[in-house]
Each structure stands twice: as C-alpha cells, then as structure tokens.
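Once you scroll down, you'll see the structures, which are given as structure tokens.
Heads up, the next two complexes both have chain A, just with different partners, chain B and then chain C.
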Partner chain A sequence: MTDHPSTADDPRPLEAWGRSSYLPSTTTHDGERYVRVTRGMVLTPLRVVGWLALLVLFVAVPDIASLSSSIQLRVLHQGVLFGLAAVGLNVLLRHTKLVSFGHAAFFGTGAYTAGVLATHFDVTSMILLLAAATLIGTLMAGVIGFLSLRHTGLYFSLLTLAFGQLLYAIAQGQSYVGGSDGISVRPGDANQATLLGADLAPDVYAVVVYYLTVLVVVVALFVMWRIVNSPFGNALDAIGQDRTRAQFIGIPVRRYVLAAFVLSGVYGALAGGMYGLVQQHVRPESTLYFLRSGEILFMAILGGFGTLIGPLVGGIVLVFLQDVGQDFTNYFDALTGLVLVLLVFGFPRGIVGSLQSGSPLRDRAGALVDDPSVAGDWVQDGADALVAALSRAKRNLVVLVFGVR
Partner chain B sequence: MVVDVANFATHTLNGIQYGFILFLIASGLTIILGILDVLNLAHGELYAVGAYVAFSVYGYATGLVAAPEGVVGLAVFLVVALLAAAVAAAVLIPLGVLLEALFLRPLYGRDEVYQLVLTFGLLLILKDVNKFIWGPLPVRAGDVYSGINAIPAAEFVGLNFPTFKLVIIAVGALVVVGLFYFFNRTKMGRIIRATAIDREMATAIGVSTDRTFTLVFAMGAFFAGFAGAMALPQSQANLEMGANPLVLSFVVIVIGGLGSLRGAFVGAMLVGVLSRWAVWQYPPAEIAAPFAIMALILLVKPNGLFGTWGETA
Partner chain C sequence: MLGMVGGTAVAAALAGCSTILGDDDGAVADGDADVPDEPIQAGLQTYTEGAASVLGLQAQYGAEIAIQRINDAGGIAGREMELDVAHEADAAVENYTQFVDEGKDVTFGPISSGGHAALAPEVESQGVVNVGTDGTVTTLYEDTVPDPTYSFRFQNYDVMECVTAAREAVSRLGADNIDSIAGINPNYAFGQDEWKFFKLAIEKLVGDVEVTHEGFPDLLADDMSTHITQVNDTEPDVTFSSCWGGDVTTLMNQAAANDMFDNTQLVGSVLYSAVDELGQDVVEQAEAFSGSRNWYWDFPNGSRWSPNEDLFQEAQDQYDVVPTAHFMSGYGAVTAWATATEKAVQLTGGWPSQEQIARSLEDHGFHTPAGYHVMGSDHQGKSNAYSGRMEWDDDLGRAVLEDVNVFTPQEVAPPIGTDAEAWVNSW
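Now for the complex of A and B:
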C-alpha cells in the first residue's frame, strides 16, 4: 500500500495498468505477475501476502493477548489509536513539511467531545459519539489551522503547541469537563457506550471496540493512501518542496495547506474519540498535554514519516515500549529517550522506512552478510568518532575557560 | 473598585521576579536558536539539573555558615548563597559542552525534525538522570529562602515582600545588563552575533564556528542552570519541573521574535507580570494567560515584537 509501481517498481505511468475493472484482479507485466487490488494499487504477490498477514495479525490481537499476560489488548489498542493520530499528523509532516507540535489538541478534542456528550447529554451510541468527536475535532482543526497556518517553520510549530496548551489549560480549569480529574465516557445503564443499540458485557465491549478500531484504521489508511496519491496529494508535495514555486504554478497554497491541516485533525479527532470509548475516562494529562503532542510527532518519525503505515507502527511500538519499560525498569523514560537518540543516529528513516529497499540500514545489513568483518571496522569508526568528539569537547571547554594559549 | 496599592505592588514585583527567571531560561533558548538553529527541547531539563545541583551545593555551602545572625552574618549568608548558585550553574557548562559535542554537532544542517527528536530524547534521559541521582521525591532548599528572607529589605518601604525575590530581581537585572554588554561591547559577543548573521562569512574571516557553537550552547546551559538554582529556594525541585518553564520560554521567545535577546527580555517581563496579575484577579487563568497573550501578539505582529537577532542584540 505504501507505494504503487509507477513510482517504485515500474517506470510506466499508472494509466498503463489498465482501469477496466474495479474488482481485484491479476495483471502481468514483464513476465512478472502482479495483483491489482484497486485502481492505482498494484502489488507484487509477496506484498499482498505480507499485507494480508499483517491484517490477520491485527485482527488476531485479542486472541494473542489472551495467550500471554505481557501483551495487553488495552496497551496495543492505545498504541493503534495514537498511531492513527500520527498517520494524520504525517500528512503535514511528510507532504507539506510542516512540523505540528500540537496534535494532541485534536486528539483531546475528540476524546473530550465523546466525554461531554456521554456525561452531560446521555448520548449512548458509539457511532454518534465518534461522529460528533470527529465533527468537533474537525471544526477545531479548522480554527487552529486558520490561525496558525499564517506562519511556517518554527513559528508554526510553536503556535500549534501554544493552542494545544491553551486547550489543556482550559480543560484543566473548567469544572464542566472535570478539571484535572477529567471526565468519564460511561453512558447508558451498563456504564458504556452501545454499538447499534446493543448493550455489551465489559469483556465483550473491549474486544468489540477493538474490532471497530481495526475497521476504522483499515478504512482510514486506505483513504489516506488514496489522498496522498491523488493530484491533491501531489500538490501538497509540491508545496512542501517549495511554497513559492507551488504558488506560481497555480496551486492555491493556503487553501490546500489548510485542507491538509484539517484532514490531519480529522484523523486525530477520530482517534481521540475512539480513545475516549476505549479508556472510558479522559484526563487532560493523557490527552491534551504538550508531551502527548510530542509523542504523536515522534511516533510518526519512529515508524518512518516517509511511509504511510510507519506512523501507525511507531505508535504501537512507542506505547508498547513505554508500557513494557514501566514494568521492567524505573527509568523507562530514559529507555524511550535512548531509543529516540538511536533512531536519529542509527536509522533516521524510522522502522518501516529502514526496512524498505535502498535504506542505509538495508545496505549495511547487506554488507554485513557479504563480509562479517566490516562490523569490526564500524565499531572502530564509531569509537574513533566518539573519541574525536570528546577531545574536541575537551579542547573547546579548555578554550572557553582559560582562553586560547 | 479600589485597587489596593500594596497588593498591586506585591503582585507586580512577583511578576517581575518571575519574569527574570523566565528571561534567564529563555535567553539561553533564544541564543541557541538564533545561532545554532536548533530548538533545544532539553532546555527545561537543563533548568531542572541546575535546580538539583543547586540543592546539593546549597546544602554544602550553607553548612559552612552557621545560623546567620546580625548584619554581617546575613550579608555573608547572602554572598555564600549566591556563590553557591553560580557554582551550581557552572556545573552545567561542561555538561552543555559534552551534549553539544556528542549529540548536537552531527545534526547541524539536517532536517529540523531530527533535532526535535534528539533533544526530546535528551530531555527524557536527563529527567531520569535526575531521578537516578536525587531520587523521585521532590527536594527543597528552604534554609536558603528563610535565611535570606531574614534580611528585612522590603520593610523599609512598608511592604511585606520576601527579600529573596528582591535578590532575584537584582541578580536578574545584573545578568540582563551583563548579557547586553557582552553582546554589544565585547569582541566575543560580536563574534557570536556575526556568526548569527552570516555563518559562512564569519567562517571566511576566521571565526571558529565550531568553538562559537560550543560557547553558545554552554552559555545557554549555564543560564538555564542558573535560573534553576535561583528558582529552587522558593519552591522545590521535582522531576516534572522542566516542562512548564520550557513551554513558557517558547511563549516568551515567540512573543519577542525568534532568536531576539531583547525580544526575550520584553517577552519575559510581559508574560511574568501579566500572568501574575491574571492569577491575582482570576486564578484559573494562570495556565492559559501566557498563551492567550502570545496568540494576541502574534495576531497583531506575526513575527513577534522584535525581528531577528543579530543586527542589534
């Protein structure tokens, strides 16, 4: 899903792949067999198998979680939701090259909308709660986007951060939404939302909400794939490369960027609404705080912000890492920090990006397989670089303190 | 409604001392941003490290002075406390040099996203280093606070205001004057500004940008640590203390204009005083006030109050 053959495997334009049918079929090209899933999405059989395996794994999570106590459905579920928000953020990061540092605002808006409707208006339908969460989050994204997209670069990042913190402050201060205690999402007699009018037992509820999430995520990924491969997505790429040039060739930059911002807000709000349904309680700390915004951003980068599903993977990995780290050591924050530092220096394309062909990590792995002795050279190089950096630091410190001798 | 003059003065002074603390933090952030082009998310943790180190140094230093009595005793106590704060902040210099040389240097010129990730990683690591050394419980240095407050400075004008906060104002003002003198009048300061204006040109005329970057980062770390050391006695050092100052100093530097030192000063004072007034008149506004100020100012002046730093300090 991440790339279609017109960019990755095959130089021919998409039109050459035939557009007769909307149903999945197979095509042959250069003697190789490809599976044509839908218009524009043509994959090698291996990839199709890979995607199906991933999907099965995704669907089977509740069963896997029941096998081992170290894997918890709740944790994975949370990771998937933050990952979904990160997929939304990635529209801005990957295509328009805008670093949003306030994405928790939409996540939190979605979650709080669900909470307020459930607590104060007795809305019990899951679908309604989600729809309202998405709607309000979209409006919020429109307002924040309109105000902050007047700027680019760091100003944009800091403005989105400020708006996020403003919402956090409001949520903290208003007793209507429960102040710092937060608000619960427990409508109905069974203290939880209903799906199509059906009340669910607590353990069934968790699994049902999970499957709803899987459905939402699959659809959301597909929609995102469509969008980024549409002319609109290409226009966003052009804007990200050079705003002025995009303006000159007639792309309505401000409108498009705002549209991308709102789109990313929709994903965040949807994920936030689901989060409210899953956790059944929404706190400002866990949904609106600026560290959450940072985490959503880092999920996208950890998973690989050059890819479509990277942010989702990053979300699952980061949340899982934090949860496991909490059991394993008191210093789980440092563990996460270490992972981020390694990420920057070791595999800057993120997890998914590093697995793709042509990435530095793949090249290195290939070289290692060819000749294992290069590992020694790398260790030597790394040690040399470390020693050089340390000695430069020492020299600079001496110069700073004592002046030049 | 009659505004109580004494009350007003107290809250304004509170705001000014808060503004100076903010300025100390934000000045480091803004010069690092202006010259290295790096938004240092770990800056708040450097502030926290400063506070923790100060806790240990204060404990040692005040142990040297017996319970202060009389004018001379109090004066000695004041001097020792200030020296301790400076020593604590000085510990941040080698730390800053090390961080810059090992982690930041390979990142110059790379996508700014990686700088954010890296400094965020450093933030998390430094936080746990604090936890490892000083433990998860908050620490405080109440002795220093009560000791310095024993000097009855504000009572001369009939105000009931802690002397320690007056000390912060005095020291902060000194630092402001010193910084502006440094950047406007000294050779080193001009070299730094030249590097900020045009990195390539500065290299061409023989400025070691390598060393300048290290110096700037170490300076930023020093002032963050100094702010931590000065802020510690009136509150406490805990593991979460870095986050709030970090976000507030973002606000400050955005209000002032990214990378502008003068802007950082004006922004810090605005945020400090206005937010204390807001707390006084309507307490729930405490967290929201700085962001509301920032949004307002950016709507009127999209690039902040002062432009980019370099041409003028």
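Now for the complex of A and C:
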C-alpha cells in the first residue's frame, strides 16, 4: 500500500503528485496510468484491483462462513479484532523498535470498559460503549506508557508485562468486574447493545457488529497508513534506528515515543471494545492474560511486521489456526510453536512480507519461473549445507569428548 | 405407542435398573412417522487436557457411558445418540456456537463457572438446549440469566456444597466445639464464592466464630506452605478448603508434611476429586471430611443398591478410574436431557422442538444410579449432597468416604425464587 512509483524516475517529491485535491483521481506518469487515492497514496491499477478484491473478500466473510461449519464468523471476527490490536502494536514494533509484552492490557481495558458500562450502568448504545472503551483504554495506554517508557529494551518489555499482569490480577480479584468469571456485555431489555437505538435479532447482531468492525478496520488502516507516511512516522523510524542521533537532530524522542505508544493503545482499546460487543462476555484469561499479549505480538510477526496489513492477516491466520487445530488434534497449542519455527527459518518476513516484491520468496519464485532448473541447484545447496552442518557437529562432538588436540 | 415402551426402556437403562421393566428391549419404536431416522447429534465440551482434565475426563466418561446405555436400549424413540467432544479451553461460547452451526440437537458442558456464565446468555439467544455439567457458580440463574428458557444445569451449585460442608462440620464436631475457622481456597471466583458461603453458613449454625486465616493460593500453586504455617500457628477448630484436583494433592501432601492435621480439622467441598492421586499415609493422617457433590459411588452401598455398583464396575472396566461426582455430572446431564426428550416424544407424538424439550425439562424428575433428581423450574438441578470421612481402602488402593452423611436439597439449597445469600442470612 505504501509503495508508489519509483521516485528515482521522478525527482519531484511525493506530495507534488497532484497536490491540489484529496479526492481519488487518475494520474499519468511516464506514460503509465496510476490511481491516486489520496495525497501520497498512488497505486498501480493492478494494486487497486487487488485491494478492492481484498475488501470484497472481507465484506463477504459472513457469506463465506455460512458455506462450511468449519469456518465460523465469530472466529474470523475475533481474528480480525486481535489483528487490529496487532496493527496498533506494530507502530511500536516496526517503527520505534520497542517490543511490548503487555499489549493485552489495552485490549482488556477496552473490553472491560464495555463490560462495566453495560452491566453496571446499563449503557446500551454500541457507539457509546465503543467510544468509552477507546477513551479509557487510551488513558490507560497514556499512564502505562508514561511509566514504562522511562526504560528501553528489555526493561521496557518487562515493565509492560508487569503492568499487564497487574491489570490481570485486579480483574481476577475484583468481584465488581466478576472475578475470574468475567462480566457480560449484555445491556438493555434485548440483552444486547443497540446500534443507533435499533434492537437487532441475535443472528443479525453478529453480522451487523462484523460490518461495524469492517468499517472500523478500514478507517483504522487508512489512518495508520497516513500516520506512518507522515513526518511523524519518519521521526519514529529515525528513533527506531538510533535514539541518540534522533535526539541530536531535534526530535523530542520521549514525547514522540509516548505518542506512538498511546496510538498503539488506541487501536488495542478499540479492538478490545469491539471484542466485548462480539463476545458479549469478557473474562480475564481471554483478554488480559500475558499469553494474549504474546499472541498479539506473534500475530504481528506472523503476518509480517514490516508491512501495514501484515498484523491483521497474522491475527486472522493465528486465531483460525488455533480454532481449526482444535478439531484435529489435542496438541493444537503445538501448532503455534511449529508455525513459529517455520516462520523464523523459512519466512522471516511473515506472510504478507514474504509475498511483497523484493522478498527472498518472491525472488526465488521469480527465478523458478524463469528457469525451473534452479530448483536442482537449491536442492544441491541444501544438501551441501546439511553435509557441512553435520561435519561441523561431528567435529564439535569430537572436541567435546576428546578435547582439543 | 411403541415409542412409549422404548422410551421407558431408556429411562430404566439410565436409572441403571434393567430389571424394572422385564425384558422388552426388542419393542423399540422406530416406526413413528414424525421421528427422523438419523442419529441424535450431541456435543459435549469439557477439559480433555491440562490440570482441569482430572475433572473434565470424568465428565466425559460419564456422558459416554450414559449414551452407550441409551443406544443399548435402542435409542430415544429409535434414534441413537452420537457424541462429539470439544476441548473447553477458554472458548465455551465458541464451542457452543460451533456445535449449533454443525446442527447439534443438544449440547452439554461446560465445566468452568466463567465459561458457563459467558455461555448461558448465548444459549438463550441461539435456542439450542444446553445442559451444564458443572459450572457451579451461585449467581448463574440468580443474576446472569434470571429467566432462562434453554439453559439448564445438572450439578448442585456452590451454595449447596458450602452449606453441606458447614452442616457436616457441625454434625461431626458439634456446634459448641467450633469457635474458630480458617479457609484455604483457590484464588478465583469459585474459591472466593465458596469461602463466602461457608463462612456465612457456619456463622449462622454455631454463632460467632473467629476467622484465624483466609488464604487464597493461586490455582495450581506449587507451594501452600505459608497458608499451612498460618493454620499451624493459629490452630483453628475447622479449616475449610474448596481446593480441587491437583490443588488438593498439593495442599494435603504439604499439610501432612508439616503436621497441620494435628492442629485442625480439614473440611472440604470437593477434596474427593483428587482421590486418584492421594497417598495412603496422607489420607490416614488427615482424616478429612469431604463432600462429594451429588453422588458418591458407594452410597447406598452396592449390595443394597445395585445400579451404583454396576456403574462403578463399568467405570473401572472401561476407564480404570474411581468415578467421582464429575463422572455423575456428565452422566446426569445426558440423562436429564434424554429422559425429558423421551417424555416430550410421548406427549407430542413426534420429535419435539427445542422449546418443547426445554419445557419438559422444567420440573422434570428422573433417576440415575445416584438416586432421584429434579430439574427445578429455575433450571437448576438439585440432588442429595453427600459428605463423609476420607479413609484409605486397601482393596481399592484409594481413599473412600466412610460414615457418609446425606443432605437433602431442602436442607442445603434455597427454595426456588430465593436469593442464596438472603436465604442463608434468613436462618
């Protein structure tokens, strides 16, 4: 999405591409036609078609889910929501290079805010519940961010983990939020939230909330694209590369990193609020436990944290994998580990990252199409590497057993 | 009317009394035009792995045996039952909706209280009957779903087993001998709920008591020594624990090692759930009193009540476990549904709708090897509650309950329509 025609051919800055309007239009460059979606977002026609196809697929999910009982709307929906939280986390991971182990805290805060308002204050409006969830989650991100960002690296990660577990323990222990039984998000007479005052039948409710999610996700992705391609996003990149130098060139590092942290919290809280509306019941294990934070992090890596929509894809894939895995094996948790191993060795750029142009996978696929005989070379290379590794292992073993001679 | 005979055979099979009806197993209905031919699809969610599978597998075994017996008796109006088991994990609602999507006729489970609280409202909106095996939180049909239609629970609930434990303590020790109590309960809603009700009930039964220690170890904690030291230092007359499964093993092993049983009398609501893991010396040292929820396999004794003995033998032969109360919760949940459905088949003359099955489950009475149960109009199953002294049995190689006390639902459960806390407070 962030790709635009190579600026090497065109010395003009990106903004010069049709500065005049924010509305979508077409534009010509080097004799090729491009679609200019908004300022700075210029796509080839092929990409536009790809994006539209993706959007249609996204919108058609409820219909797809009705085709097979092994695909469930609720599961895909959950995947999208965790993916949205992962998109937020990705701001930190991709740009400022900070690893947060406590991102479920904002997800959980959002979900619990919806639960508390629905149960104790009988707030029925979906929009109000979402807005409050986002607001409270954002405040939480502000507080946790302010306290955690005093440190970087491992200490930052551990602090976020600590705050996350603190919230988990509070949710577990407080009967006001239902302790380990959790709290339901079922306000009003219809026993569920209403959209613009309308009561919805249970099956309609699931679909309507899904489309609300689609809307939220599309807007959230667009906003995120704007942010990471803004000067602010560039400043975050600079901070990620070298904090000290970024400070030297006048970037207010701490303020910017805190802003990025809060921004990622907004996404987490919004996703959590939506999750509350979907599940209609919020429990500590499923929203606040540190393993959830780990999963959100894993989703970003699985989908490809170097990309914008990678984390979203990662979320859908992971949640789906866990759900389907349960049908096949009791050891479905091991699937996650297996996928992680495959990922690290085979596709370090994640699912979306590996499909992008310039990735080793694309290069290899391209080479294979050009000349299928390279496959033989690869097998030969692989075998050579294996032989070399075995002989190294043998040498090491000899050294270990008999010592260096 | 052949259906009636077949259905009664099912009821008799599930009650464990194959002799009641004589030998008319052959007369099973399948000719009724309104009853579909294909098997009944049932879904059970329970813990099939991890620490909680100590309970979860028992529920699964119980449900499986009940379904075997139904099928051996020719099914319900000629329809056999097939069971699909899902791992409960943290996904009670997802599992249920998946069952519904797959077209299940009925669902059973879950084990966890939190999962049950999340599930019950979903059951109400989807409208496929769910009979809970456990998930015993008191508030389920008081606050969470105050007016249920499709959601039922077979197992006795928290307030019943705490009142049972309190009555048990008083009957064993005497009200005059209980002046101080301590609690060691798992640190989540169940443990907190149980401790609250035990404290409330015992204060009502014996007057003011001094609480010398309130400990809440985490679930699956590997060290409970701080709580044990506290109990040893303060020597309360009674120590109450709602720990279950692996936590019981940890608590009792460490308590034995630190001579806690010399200083206090341990009374528990579900200590017996760890029966397959406790060692002889610990059991003998503890002389603990334990509840067994709604069933104890040796009461009434097998020689006086053969269905009990038969079920125990079947569980031993098929699964090599001593069946516990969770075994009965799986067995009973299936039985409640099957007998109510068969009744509805007879009444409607065809296959009943979910709503008709739900209506016939209300105020439905039925037998299992545990005795007679009633599914109340509040959708809460109520059965006798059992409690006894844990003693080692050399023949079985495990602990058994001796001197079993039986408490009727009237003694330990609030009347329908009464809030549990208000009821205990009204004594």
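Before moving on, here are some points about what is shown:
Following the convention adopted for this analysis, the second predicted complex is superposed on the first by the 355 of 405 C-alpha atoms of A that agree within 3 Å, B and C clash if a C-alpha of one lies under 4 Å from a C-alpha of the other, contacts with A are read in each partner's own complex, and residues count from 1 in each chain.
By definition in this document, a contact is a pair of C-beta atoms (placed from the backbone, for glycine too) under 8 Å apart; a residue touches a chain by one contact, two chains touch by 3 or more.
No experiment lies behind these values; they were computed from the predicted model shown.
Residue contacts after overlaying the shared chain place A:P202 against chain C, while chain B stays out of touching range. Contacts of A:S373 after superposition on the shared chain: neither chain B nor chain C is touched. Contacts of A:G337 after superposition: chain B is touched, whereas chain C is not reached.
By the touch criterion defined above, A:G178 reaches chain C but does not reach chain B. Touch counts on chain A: comparing chain C and chain B, the chain ahead is B.
By the document's definition of touching, neither partner reaches A:T244: not chain B, not chain C.
Of the two partner chains, neither chain B nor chain C is touched by A:T28. After overlaying the two complexes on the shared chain, residue contacts for A:R283 are found with chain C alone; chain B is out of touch. Annotation: chain A residues 172-173, 330 touch chain B in one complex and chain C in the other.
Chain B meets chain A in the complex at residues 33, 39, 41, 93-94, 97-98, 100-103, 105-107, 110, 112-114, 116-118, 120-125, 127-129, 131-132, 136, 210-211, 214-215, 218, 243, 247, 250-251, 254, 258, 284-288, 291-292, 294-295, 298-299, 302-303.
Of all residues in chain A, those touching chain C in their complex are 69, 72, 74-75, 172-173, 175, 178-182, 184, 186, 191-192, 202, 279-281, 283, 285-286, 323, 326, 330. Contact residues of chain C toward chain A in the complex are 48-49, 86-87, 89-91, 93-94, 97-98, 101-103, 113-114, 117-118, 121-122, 124-126, 137, 144, 187-190, 192. Contact residues on chain A toward chain B in their complex (touch as defined above): 93, 99, 101, 147, 150-151, 153-155, 157-159, 161-163, 165-166, 168-170, 172-173, 290-291, 294, 297-298, 301, 305, 330-331, 333-334, 336-341, 343-345, 348, 386, 389-390, 392-393, 396-397, 399-401.
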